[in-house]
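Letters A, B, C and D name the chains as they come in the text, with residue numbers starting at 1 for each one.
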Amino acid sequence: MIKKVVSGVEAALSGVTDGMTLMLGGFGLCGIPENSISQLVKLNVQGLTCISNNAGVDNFGLGLLLQKKQIRKMISSYVGENDEFERQMLSGELEVELTPQGTLAEKCRAAQAGIPAFFTPAGYGTEVAQGKESREFNGKMYLMEEAYKADFAFVKAWKGDEAGNLVFKGTARNFNPCMCGAAKVTVVEVEELLPAGALDPNEIHIPGIFVNRIFKGTHYEKRIEQRTVRSK
Amino acid sequence: MIKKVVSGVEAALSGVTDGMTLMLGGFGLCGIPENSISQLVKLNVQGLTCISNNAGVDNFGLGLLLQKKQIRKMISSYVGENDEFERQMLSGELEVELTPQGTLAEKCRAAQAGIPAFFTPAGYGTEVAQGKESREFNGKMYLMEEAYKADFAFVKAWKGDEAGNLVFKGTARNFNPCMCGAAKVTVVEVEELLPAGALDPNEIHIPGIFVNRIFKGTHYEKRIEQRTVRSK
Amino acid sequence: MLDKNGIAKRIAKEVKDGYYVNLGIGIPTLVANFVRDDIAVEFQSENGVLGMGPFPFEGEEDADVINAGKQTITTLDGASFFDSATSFAMIRGKHVDLTILGAMEVAENGDIANWKIPGKMVKGMGGAMDLVASAENIIVAMMHTNRAGASKLLPQCSLPLTGVGCVKKIVTNMAVLEVTAEGFLLLERAPGVSVEEIKNATAGKLIVNGDIPEMKL
Amino acid sequence: MLDKNGIAKRIAKEVKDGYYVNLGIGIPTLVANFVRDDIAVEFQSENGVLGMGPFPFEGEEDADVINAGKQTITTLDGASFFDSATSFAMIRGKHVDLTILGAMEVAENGDIANWKIPGKMVKGMGGAMDLVASAENIIVAMMHTNRAGASKLLPQCSLPLTGVGCVKKIVTNMAVLEVTAEGFLLLERAPGVSVEEIKNATAGKLIVNGDIPEMKL
């Protein structure tokens, strides 16, 4: 069994340098790699390109990196809920590449699966199509989209084992599985780190082969953006 | 909750007619839809095109359809272990399209996911590339492969619920999940059919939205091709 | 004239037994409240859940279980969680039967614009471009006119497009319309709204064939 | 001259700590028996399992747990099962570190032919084309010559190709060779085999630099 466990967040992020392209899992603030983001802030790496569906809020998630102006370019499908983001974008400090959500997910999955390009109907006939090859299949028009290339992928899982096998929880799964193995180095933080053999081989969401480093995260805040409840 | 349960194999296969293209899950004889295959034999539908990684053995699996000459064309990656297959192929009665295994899996997954075409390096520079577009990405050559189009997909799962949610077992998973939702109608047979709510939403391999009809199969033979053991 | 709940109520009648439905943010979200109890419908949220239920009881909310609007939710029996690539496989692969979403503008050829106003902060298209490019069946829920009183049903969109020729039906506070090869076909009037008022509020080509019935809600 | 187990034994020395390895049918399958105990290696089988263990004890075999050779197997702690698309995502995505497979012919430019003999029954390529097109590191395990005594290391393949320019290393019953831009570079001789014998058995360009050591097994 090939062990993927590293001692902690410092070891997990060793090798991250200025100017790198990073993938970060999560949808809104749900399922984000909180520990890795904190460490990126601590490392103060600059000029990052971040592939992440959203950009966090002002004082949490990727918003923490935006506050310190560590991000040069964001690749996302939706970047609301963030005043500092808006300010940097409008002032031209921050470059933003908006990508349809399904295309973003599939470009990660393509990178994971060694597929250099695929066709999708999303964005055909819109600004998103600019500079992209379009093509007809079975009477419908599609755009060609290429796999992402990234240096590090930061992933949050619920349970993981020493071999790097992962299980996600609820909708905190989202982009996390698609990013495993989609970058040169995949770093996973988990809430529960288990010995190999503790997870049923049949119930693993992501096999350890897609993971390079795994560590047990701490102090998860798991902030809720829209707490909606009904009364009993 | 949308119920997908049908009364049995007859109802599950209603609408299958001569000349259709079928997908069938399984690797060798592992995880094949035994009940659906028996029913195809009983229905005696003719001129079928079958997309299946393998072609069964002489008297089991797809071999049963071959015996009755119901198959016009096989699309597979490996068709050994079958004398009747060889005879029909060499005599020209049976058309065979050999496809690399990973390409076969991905062409199913592409159909499931609404991706009309993708690029893969498998088969570049070989006979498989004939008539296909090739293209360079990042200094490496790839072939363009298109999604399959099929009328029915026959899938074998281990456990399923009324909503069509599926869980597979061991390596009987193989091509089965990739074929769910990859044809116009997806028919699933399961060993255990459970009420909705019995499966943990977090542990479902294939959500019911990819399934049209589900029924409890019976009399699984689960023949082993190569029984290899060691002594205690 | 309908309010937002009225629009949602009318759209709920378009939801059929056995439908998997994706609801956009805003008015579309309200549709779930009005779907008949005697039909089987499952709601998909593109962040990775099928079989969404009502909001959780106070104190039972789970940060790891949200919808695409980032609201805490619950799941019903038969629900499933999945990753984003699988979620859009459902959408792109046409497994979701109906998409209901808002719009800033709809053109008489079915083009839709709902993600970007040049010069204003652009938040992004989220999953909207995937949804409109893929769904067989798209219903737009919106006000007939914008805050300035200008029609949102146009000969062609002035804003950057989200998708081309994809909208099939539009339900506004004033009317139900179908997108046809000839233009917006008026199907129903909102209670108390005249054909004349709808004509005046529709900049795109409006087709009025015979008597137009009032909506039944 | 090595037998099949000897070839497997020599190849096992190429398996490094931390490698995920895919073994083809035949001699490659034997490699698992000779990998050192003190290194961590996981075997992947393309039908959907990672972390394969030994054959099951008699009576414990499970029809639902097999390898790509359709043999009943067991799994070790840390194993996982997955579908075929995911399996080839591992292979195509270069997550599998080493592929060991048999061949009918290898050309001096690294082309490989191992799936089809024109005029004979063609069983198919299985996963071989995906494996050779994707793996960074491919070792061919084969006899140096065919049953008729003809060399299997050729200037160019005469049989239909499985992949182009992909083979990095070859271990035969006679030698270990590396595929280089100049041709087959002779690295090691099998015990008791002379450079002259290897030369005679190699139709493709053979490069012999200095003294060629005998293999250590």
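One rule holds in what follows: a residue touches a chain if its C-beta (ideal position, glycine included) is under 8 Å from a C-beta of that chain, and two chains touch if they have at least 3 such contacts.
To keep track of the chains, here are their UniProt names: A, B, C, D = Succinyl-CoA--3-ketoacid-CoA transferase.
Just so it is clear, the structure is predicted and the values come from calculations on it, not from any experiment.
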| item | value |
| --- | --- |
| Each chain counted as touching chain A and chain C at once | B |
| Shared chain contacts [chain B and chain D, defined touch] | A |
| Chain separated most widely from chain D, comparing mean CA positions | C |
| Computed distance of Cα centres, chain D from chain A, in Å | 36 |
| Distance from chain B to chain A - Cα centre to Cα centre, in angstrom | 32 |
| Where chain C and chain D are represented by their mean Cα positions, the distance between them in whole Å | 55 |
| Of all residues in chain C, the ones touching two or more other chains | 49, 81-82, 85, 88, 91-92, 134 |
| Two or more partner chains touched - positions in chain A | 106, 109, 113-115, 120-121, 168-170, 201-202 |
| Touch-based graph of the chains, sorted into line, ring, star, complete or other | other |
| Chains that touch, pairwise | A-B, A-C, A-D, B-C, B-D |
| Contact set on chain D toward chain A in their complex | 18-20, 40-42, 44, 49-51, 75-82, 85-86, 88-96, 134 |
| Of chain B, residues touching chain A in the complex | 106, 110, 113-121, 137-138, 140, 142, 146, 167-170, 201-203 |
| Residues of chain A defined as touching chain D within the complex | 1-3, 109, 111-115, 161-163, 165, 181, 195-197, 201-202, 204, 207-210 |
| Of all residues in chain D, those that touch chain B in their complex | 45-49, 54-73, 81-85, 87-88, 91-92, 111, 116, 121-130, 133-134, 160-165 |
| Residues of chain A defined as touching chain C within the complex | 27-31, 53, 76-80, 86, 89-90, 96, 98, 100-106, 108-109, 120-128, 158, 168-178, 205, 222-232 |
